[in-house]
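Notes follow the structure.
When the chains are written out, they are named A, B, C and D in that same order, and each has its own residue count from 1.
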Amino acid sequence: MTEKLTNAQIAWRAAQDIADGAYVNLGIGFPEMVAKFQPPGRQAVFHTENGVLNFGESPPEGEEDWDLINAGKKAITLKPGAAFFHHADSFAMVRGGHLDVAILGAYEVAENGDLANWSTGPKGVPAVGGAMDLVHGAKRVAVITDHVTKDGRPKLVKRCGLPLTGVGCVTRVYTSLAVVDIESQRFVLREKLPKLSLDVLQAVTGAELLVDGTIGDLIVPEV
Amino acid sequence: MDKTVSDLATAVAGIEDGMTLMIGGFGGSGAPIELVHALIDRFRATGSPEGLIVINNNAGNGRIGIAAMIDAGMVAKMVCSFPRSADPRAFTEKYRVGQIGLELVPQGTLAERIRAGGAGIPAFYTPTSFGTDLAEGKPVAEFDGRMYVQERWLKSDAALIKAELADTMGNLTYRKAARNFSPLMAAAARLTVVQASKIVRPGGIDPEQIVTPGIFVNRIVEVADAQQEETLMRAGVAYG
Amino acid sequence: MTEKLTNAQIAWRAAQDIADGAYVNLGIGFPEMVAKFQPPGRQAVFHTENGVLNFGESPPEGEEDWDLINAGKKAITLKPGAAFFHHADSFAMVRGGHLDVAILGAYEVAENGDLANWSTGPKGVPAVGGAMDLVHGAKRVAVITDHVTKDGRPKLVKRCGLPLTGVGCVTRVYTSLAVVDIESQRFVLREKLPKLSLDVLQAVTGAELLVDGTIGDLIVPEV
Amino acid sequence: MDKTVSDLATAVAGIEDGMTLMIGGFGGSGAPIELVHALIDRFRATGSPEGLIVINNNAGNGRIGIAAMIDAGMVAKMVCSFPRSADPRAFTEKYRVGQIGLELVPQGTLAERIRAGGAGIPAFYTPTSFGTDLAEGKPVAEFDGRMYVQERWLKSDAALIKAELADTMGNLTYRKAARNFSPLMAAAARLTVVQASKIVRPGGIDPEQIVTPGIFVNRIVEVADAQQEETLMRAGVAYG
């Protein structure tokens, strides 16, 4: 099992499930990459916690306006129809169920939908940002992640061992090897890399992968 | 993304019997008269929607707007702070004979409950109404030595509101004090329907000046020469 | 006891206690009259529940803009520095303690500070508006009222008999005969009409009037 | 009514030892650098204020602004959602050796708690953090079959915020995403101090476009060429 999707390819796959006109929040870091891969003809409206709807790409270096940033503190630009608002209104959008999709990174996702993505334990300086709000607000909470940790341990697990971000909140996981739904507190395999056997995939997954109907081929272009 | 619809009947489609409906406006200021009348037109033609629970600060004035809905027999219950007006006949007549219900809510609590509905806050505490008849049956709690009443969020199946400018993505501005409850209702309804005096392209409203971001809006219809409820009422107009 | 202040005179007296630059909400009806009597050189900022700060007088008849009204649904005008905001922000100002003064009418005020001003009982259509919020929000809640009802019964009472608007909320009452503070759940007489004896005043007051220091003369010009 | 003050030292007068201080901004966007530095100047000259509890989304960046306050030893505790940044040395060094406290609050809960403080709502329920370590010790309740955590309001003795336009009565606008927490903090503080890029006469801002009404503002000082924290940080500037 050396073959796997790159982060850009995982982001590409997640982007295919975002409908035209969807309101979307992308977590800081890796998930931000999803915005690049919107299918032609579709235009999502991106939300950032710090009070902007419908922002666009980063400006060229040297043309940044540092009053115009995203939640990751990166400089952004506006698309026509953008709006500014304060933080309470911004999280009203989040908590009030107005976002269609939130896509987040993960340290661990459990088969019961629990997510751990904010703390690796008591060492270091804890920081949570908006993740705990996002997981309880968006209509659909998806995770993008490598299928295993850098040292090869499963990130899809029976129960999270790390501090939780949210309880029972994740409904779909896009990994470097597969697309997995969480239904009735179980992992349901939807797609896997075509050459990857179910047994090998199961071996690097920390909880049972159910099969419900056909398993699609996870085919992603070079991006 | 284009949320505009071509006519009022399409704008109010999907509002059905028994639904909870928020209607923007404070008295005539911000009342979406044309949307309300479109709903009345459908009721007259089809007998539906009826049995509505209507949330508005008031309970109609004269024989137009919400008062005309009540007269027509579409409203089962009003949730409001002040069911009185210059001409409150429609509500008063039905209320006296038990043909319409009333949930009376202090105005600030009404606003905050709607705001909570839009913001995903299921309950909050307020000093308002503590120790009064309007707090009866509600949980109370002490914080920092003062007593407060627990209030629940208000959400609705649909909201009808009136804006000044809208862009096609649903970003809105309001005119003067016509803003009142409308930005709150837009966020608290599953289906938010807007009549705007003018619809512009995305980018046609300065992003700094947008009061209601488009994420809270589902449908927009342009009503260029919107009527003013107060003016109609003073002219003695009855709808239908 | 035939001599008493007119409503305009009561409003005038209440206006003398409003500082320059104070943020003030005047209840609908009679209390609105207070705005007319701001002392020269002082300018209060008036708040109306329906989302306007710093409004001015009514426009001439025929020049009304019915989108620009106050809580009593009367047409108003704006002063320079006015601001519009939505109802939740408006009551954040009220409930959050940002108003310096609220002046309300009353059916009854009790010596413990309880106010009844929204319902005369189960008959008729009940309506409360913003009164219940105002009495728990403003830094100072004052009442203006005739000293007795139309049929001569006291409006300043031991305990309210009518449904309450708020508990222990009133700190000063301006009546047609006197100015009375509420301190430690007792009425303390501050001013009375010069020709009115304390005994006569007490006889039309439903609870004991304490005297704490000198009693000022309630002298009001013809207005 | 004129709330302007002539200089930064006057603007931050009255902020004393042990106070709770809200500081606007999200990272460098909206950070009132000049007000913060004026407070540091006073501390260097007089040894006060110290022991401050500072509420901000972050915990400083580089050696300027809040980071410089921490470096100077003025801050006893941070209340924030994300005490990390491009250069978080100031907070991290003191936190590791127990010289600074931390109350970590989810970002939306932080915003809502500040909003509640300004709006007179002593407590509210949110789904955020339910079942996590950050809900430990907090009351929980079920509404409509879902579990929520009770959160308390946040208020402060003072707030320092940055606005774009101010009129002399304290009505404010903000610049782009620099709005963030500032309108909430303005309402939640007893003393709200604003640095504005430009001060205009009353009426100089369209009443429709005012974001923070003047009722929430106590003092305004004009800082025409305000510095941007991010730019200073990238230039490696250290304050003092």
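One rule holds in what follows: contacts are C-beta pairs under 8 Å (C-beta built on N, C-alpha and C of every residue); 3 or more make two chains touch, one makes a residue touch a chain.
Remember, it's a predicted structure, so these values are computed and weren't measured experimentally.
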{"item": "For chain B and chain C, chains touching each", "value": "D"}
{"item": "Chain pair with the higher count of C-beta pairs in contact (A-D, C-D)", "value": "A-D"}
{"item": "Euclidean distance of C-alpha centroids - chain B vs chain D, Å", "value": "35"}
{"item": "Centre distance in Å when chain A and chain C are each reduced to the mean of their C-alpha atoms", "value": "56"}
{"item": "Distance between the centres, which are taken as Cα means, of chain D and chain A, whole angstrom", "value": "30"}
{"item": "Overlap residues in chain B, where contacts from two or more other chains coincide", "value": "112, 115, 119-121, 126-127, 174, 176, 207-208"}
{"item": "Contacts with 2+ other chains: residues of chain A", "value": "84-85, 88, 91, 94-95, 136-137"}
{"item": "Touch-based graph of the chains, sorted into line, ring, star, complete or other", "value": "other"}
{"item": "Pairs of chains in contact (touch as defined earlier), listed by label", "value": "A-B, A-D, B-C, B-D, C-D"}
{"item": "Residues on chain A engaged by chain D in the complex (per definition of touch)", "value": "48-52, 65-69, 73, 84-88, 90-91, 94-95, 114, 119, 125-133, 136-137, 163-167"}
{"item": "Partner chain C, residues of chain D touching it in the complex", "value": "1, 115, 117-121, 167-169, 171, 187, 201-203, 207-208, 210, 213-216"}
{"item": "Sites on chain B touched by chain D in the complex", "value": "112, 116, 119-127, 141, 143-144, 146, 148, 152, 173-174, 176, 207-209"}
{"item": "Contact set on chain A toward chain B in their complex", "value": "20-21, 23, 43, 45, 47, 53-54, 78-85, 88-89, 91-99, 136-137"}
{"item": "Residues of chain D that touch chain A when the two form their complex", "value": "26-30, 57, 81-86, 88, 91-92, 95-96, 102, 104-112, 114-115, 126-134, 174-184, 211, 228-231"}
